[in-house]
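The data blocks that follow each hold one structure.
Both of the next two complexes hold chain A, though its partner changes from chain B to chain C.
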Partner chain A sequence: MKKALLSTILLLMTVLILPHIISPFMVYLSTEILVFAIFAMSLGLIMGFGGMPSLGHCAQFGLGAYTVAILSEYTANIYLLLGAAILISLCFSLVTGYIAIRNKGVFFLMITLAFTQVLFLITSRMKFWGGNDGYSASVTANFGFGEITSNIGLFYMMGFFFVLTYFLLKLFVNAPAGKVLKGMMENEGRMIALGYNPKTYKMFAYLIAGSMAGLAGGLYIYKTQFVSPALFSVHMGAEVMIMVFIGGMGTIFGPALGAGAFVFLQNYISTMTDRWPLILGLLFIAIVLLKRGGILHLIQFVSTFGLKLFKSSRNAPVDKQVKGKEQAS
Partner chain B sequence: MILHPCLFKKYTEEVISSKVFILKGVEQVEFFIANTVSGLAYAMLLFLMAAGLSIIFGLMKIMNLAHGSFFILAGYVAYSFSRSGMNFWLSMVLAVIVISIFALIIEKLLISRVHGSETDQVLLTVGLVFVLGDLALWIWGGNFLSIPVPALFDYSLDFVGMTFPAYRLFVIAMGILFAFVLWYFEAKTRVGMIVRAGVDDMEMVSALGFNVKIIFSGVFIFGAALAAFGGVLSGPILGMYPMMEWEILVNSMIVVIIGGLGSWKGAFIASMIVGFVDIFGRIYMPTFAMAFIFILMVAILMVKPTGLFGRVES
Partner chain C sequence: MTLLKIEDLNKSFKALHILKGVNIEVNKGERHVIIGPNGAGKTTLFNCIYGTLPLSSGKVYLAGKRIDHIPSFKRTEKGMGRTFQKNNLFEELTVEENVRLAIMGKKKYRLNMIKPMQNYNDLAEECHRLLEEWEMTERRTVLVKELSYGEQRLLEIILSLSTNPEIILLDEPTSGMSPTETSRFVKLIKKIPDHITLVIIEHDMEVVFSLANKITVLHHGTAMMTASPEEIRGNQMIQEIYFGGGALSHD
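After this line comes the complex of A and B, so read on.
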């Protein structure tokens, strides 16, 4: 709890200071990064802590986005809109989770992917909501203290939600329920023998992840003002998955880092070549073949290694003295 | 985030006529039969895909998401061969051989490294789908391509006043033939026996002295060749277009889920169900066609979580 609070405050400080030290374009890009960070963290929860790989996690994201886009015709109240986005994706998660969680691993993946494909096909045929061409909505965020239109304002709005979801996730993972969930992933048989029902805990994590993705989808609209069936495409699901992997699976903050690296890389590479899917695919394959974990694992490794080095350098003279004495004698 | 353009084309638009609902009596029956033929042809293509997918998972415990890419790549390769002047049959054989060799390389280089880790398999094969899809886009472009119908079957059969395209009937015949060959192979031959035993307990098979690596490679190539065969067969019917690999993959995954992993009989029956529901759903309720298949899948999973004829615990 203390540690979670500390890291959250640190993150909050970073989010507050960041837009004042980076270029305006980076602020614009970071807004997107923050949305995808929320999305990737939600997938990171079920993949890294629940052992439920999902290629169809973009369903909840897309549903959140569509909900806000469609309902924004009737109301501009952001609390209502985001609430509806969360609620709809929660309901969707409830239905899909009930069916998918009975199965493990690849079967889970196939079922969630199939659900997402259904949404993809339905939205791409729905002429009413734009069909294949997508649906543009004009939404402005207003939390009751003025409309947020500037890039920095949007950045802070996304940043606030990012820090909030980070804190909640951190609380959940450190809570007994989160520990049980991780235990399920590592050794389900033992947890069942200890008297825990795996389905309940997995479902709970799945619902949290689903509603978080819905929230991220809702926020996404405030940045892009546009939804299209591509939100439900396998590409989207795979991209989030790669964010989780680049960042580091099994950590909370890792996927957020991965989202940052991914969006940055994508923007950078897209300016140079059209062959982005090719590079993305090669990235996937490279990550699997190298088997080195993500960015956060690297940072953790370097920091622990550095700490060891630091300690050993302080002890070095003593060692040398001992060795010197041994040689002398 | 750059959103990828949706390049989906509806391949059955030719059968969707605006007059569906005003057809009466005999016409209705004719329409029904004509679409049954389309549905069956589609089902057979799905079966060829799903059989490979199912046996690869059943035996190797590998979820090969790149299976759809084999399907579509075979179509593209055969298209190139036939454009260079070869006839349909030769280009089909060559395409199947090319894809089999390609599958062997992929199995040896990449797939064999990710045994046991599901997330690695998913990442690796998804990466492969992206790479192969983008390479295909690079080489063959983003337009809708289709292989010309072979001259041997380029006519329609007239039967009690109805016309059937001969090529679709040929595809159905090939599907049934292959179902029979697979059944014979699985039930009556020694290799089939080893494969069946491997689905149940691979470790025991390896303890009995069979070379697991060769069995794995063999099954993987066989599955890829089946998909490639289906891909070439589908060339004149469905054609090839970007992102098609996902569509065909998801449909055959649903077939595998409904039919049960590791069962060819299940794959055959489930592909018939999915093929019919897909074709008729597209005609009567185009928006929700997929949803029908889906409701069916959910209903079956509720009753029997391993699928209709599942041998492998999910």
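After this line comes the complex of A and C, so read on.
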């Protein structure tokens, strides 16, 4: 609890300070990063803690986005809109989860992909809501403190939800239900022998992840003002999976880092060369081949290594001092 | 009183008929040992009793109620525990974390999504008591994958005891243990209170006769004989098959 709270406060402070020290373009870019961070963290939960690799996690994200875009014609109330986005993706998760969690590994991957493909087909045929061309919405966030129109305002808005999501996920993975989920991923047979019903915990995680992805999708519209069936494409599903991978599976913050690295590199490298997919592919292969961990694991490794060096360099003279005192007395 | 009753149990893997009409009754409080050569179907029998594998036909009763149609995790809720022939633990977690996870299986708050697991004091206390009883307190913060094989075997049993079972199925608990570990283990098993019934698959005859008050001989998928240890010792045919001929193989 203390740890979760501490890291959340640290994260909150970073979010508060960041816009004042980075360039306006980076603020603009970071808004997108924050949305994808929520999205990737939600997938990270079921992938890294539940052993459920969903290739169709973009379904819930896209549903959240479509929900806000469509309903914004009737209301501008952001609480209602985001609430609806969460509710719709939750319902979708309830139905698809019931079928999906009965499968493991590749089968889980394929079945989640199949659900997304259905949404892709439906949305691309829905002429009324733009079909293949997509659908433009004009939404402005207003939580009751005035309209959020500036880039910094949007950044803070996404930042708030990002920190909130992070905190909730942190609580979840340290609480009983989260620990059971992780145990289930590591050794399902033993968990069953201990009296746990695997389906209950997998379903819980799947629902939480689904509604968080829905929230992320809903938020996304406030930045892009546009939805299209591309949200339900394999491409989208794979991208968020890659974010989780390169960031570090089995951690909460890793996928957020992955989202950051992904969006950042995508934007920067694509201005220099159009070989972005190639570079991304190589990065991905390197991470998969080199080690199981991602960026966060690398940072952890380097920092513990550095800490050891630091400690040993400080301990040496201390040891001498102690010895000296002992001899003196 | 009969606690566990297995009635005409059959199990086939495709064309392979492994268990052929097994009938066994286990009384409450019994130390019921199942012996039989490798491949006799002992582990398969446990898997069928516990529901890890579906039966081909037959019935399993626990305390007079049929349990063969309910999922495995519910059999645990109803008071059945089991250990595995091959260690089946959470290797990346510490001993303590393993035990806590096991104890939590019967707690209502196992579905809590907010309060950190380490803040549940009852969990910590029960875990401490169990580790004390099984002389594993010193090893509580060690990662399971770093335990000796014998210690891992012991943890298997501790985990199965954590769920407050009425009956535990122990699949070759001493396999792979050193002689010292085995005798320590037998001493600890004897401390398990009588209200917990034990069904034990065992190859080590010394262990069998020091624990058992009932023995079933499983041979080619049939329960050839169920009797007291003395009768088994005195039985000519069993002697010839298992002891005289040395046919009872060890792993």
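We adopt the following convention: the second predicted complex is superposed on the first by the 311 of 329 C-alpha atoms of A that agree within 3 Å, B and C clash if a C-alpha of one lies under 4 Å from a C-alpha of the other, contacts with A are read in each partner's own complex, and residues count from 1 in each chain.
Everything below uses one rule, namely that a residue touches a chain if its C-beta (ideal position, glycine included) is under 8 Å from a C-beta of that chain, and two chains touch if they have at least 3 such contacts.
No experiment lies behind these values; they were computed from the predicted model shown.
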Touching partner for A:105 - first (chain B), second (chain C), both, neither: first
Contacts of A:200 with chain B and chain C, given as first, second, both or neither: second
Touched partner set for A:174, first chain B, second chain C, both or neither: second
Contacts of A:272 with chain B and chain C, given as first, second, both or neither: neither
Contact breadth on chain A, by residue count: chain C or chain B: B
Partner chain in contact with A:183 - chain B first, chain C second, else both or neither: second
First (chain B), second (chain C), both or neither touched by A:229: first
Of chain A, residues touching chain C in the complex: 1, 4, 171-172, 174-180, 183, 186-187, 189-198, 200, 204, 208
Footprint of chain A on chain B - complex, ascending: 1-6, 8, 57, 63, 110, 113-114, 118-124, 126-135, 137-138, 243, 246, 250, 253-254, 256-257, 286-291, 294, 297-298, 301-302, 305, 314
Touch list for chain A against partner chain B, complex: 32, 36, 47, 53, 55, 99, 102-107, 109-111, 113-115, 117-118, 121-122, 124-126, 132, 228-231, 233-235, 238-239, 241-242, 245, 249, 263, 266, 270, 275-278, 280-285, 287-289, 291
For the chain C and chain A complex, residues of the former touching the latter: 50, 52, 71-74, 76-77, 81-82, 84, 88-93, 101-102, 104-107, 109-120, 159-160, 162-163
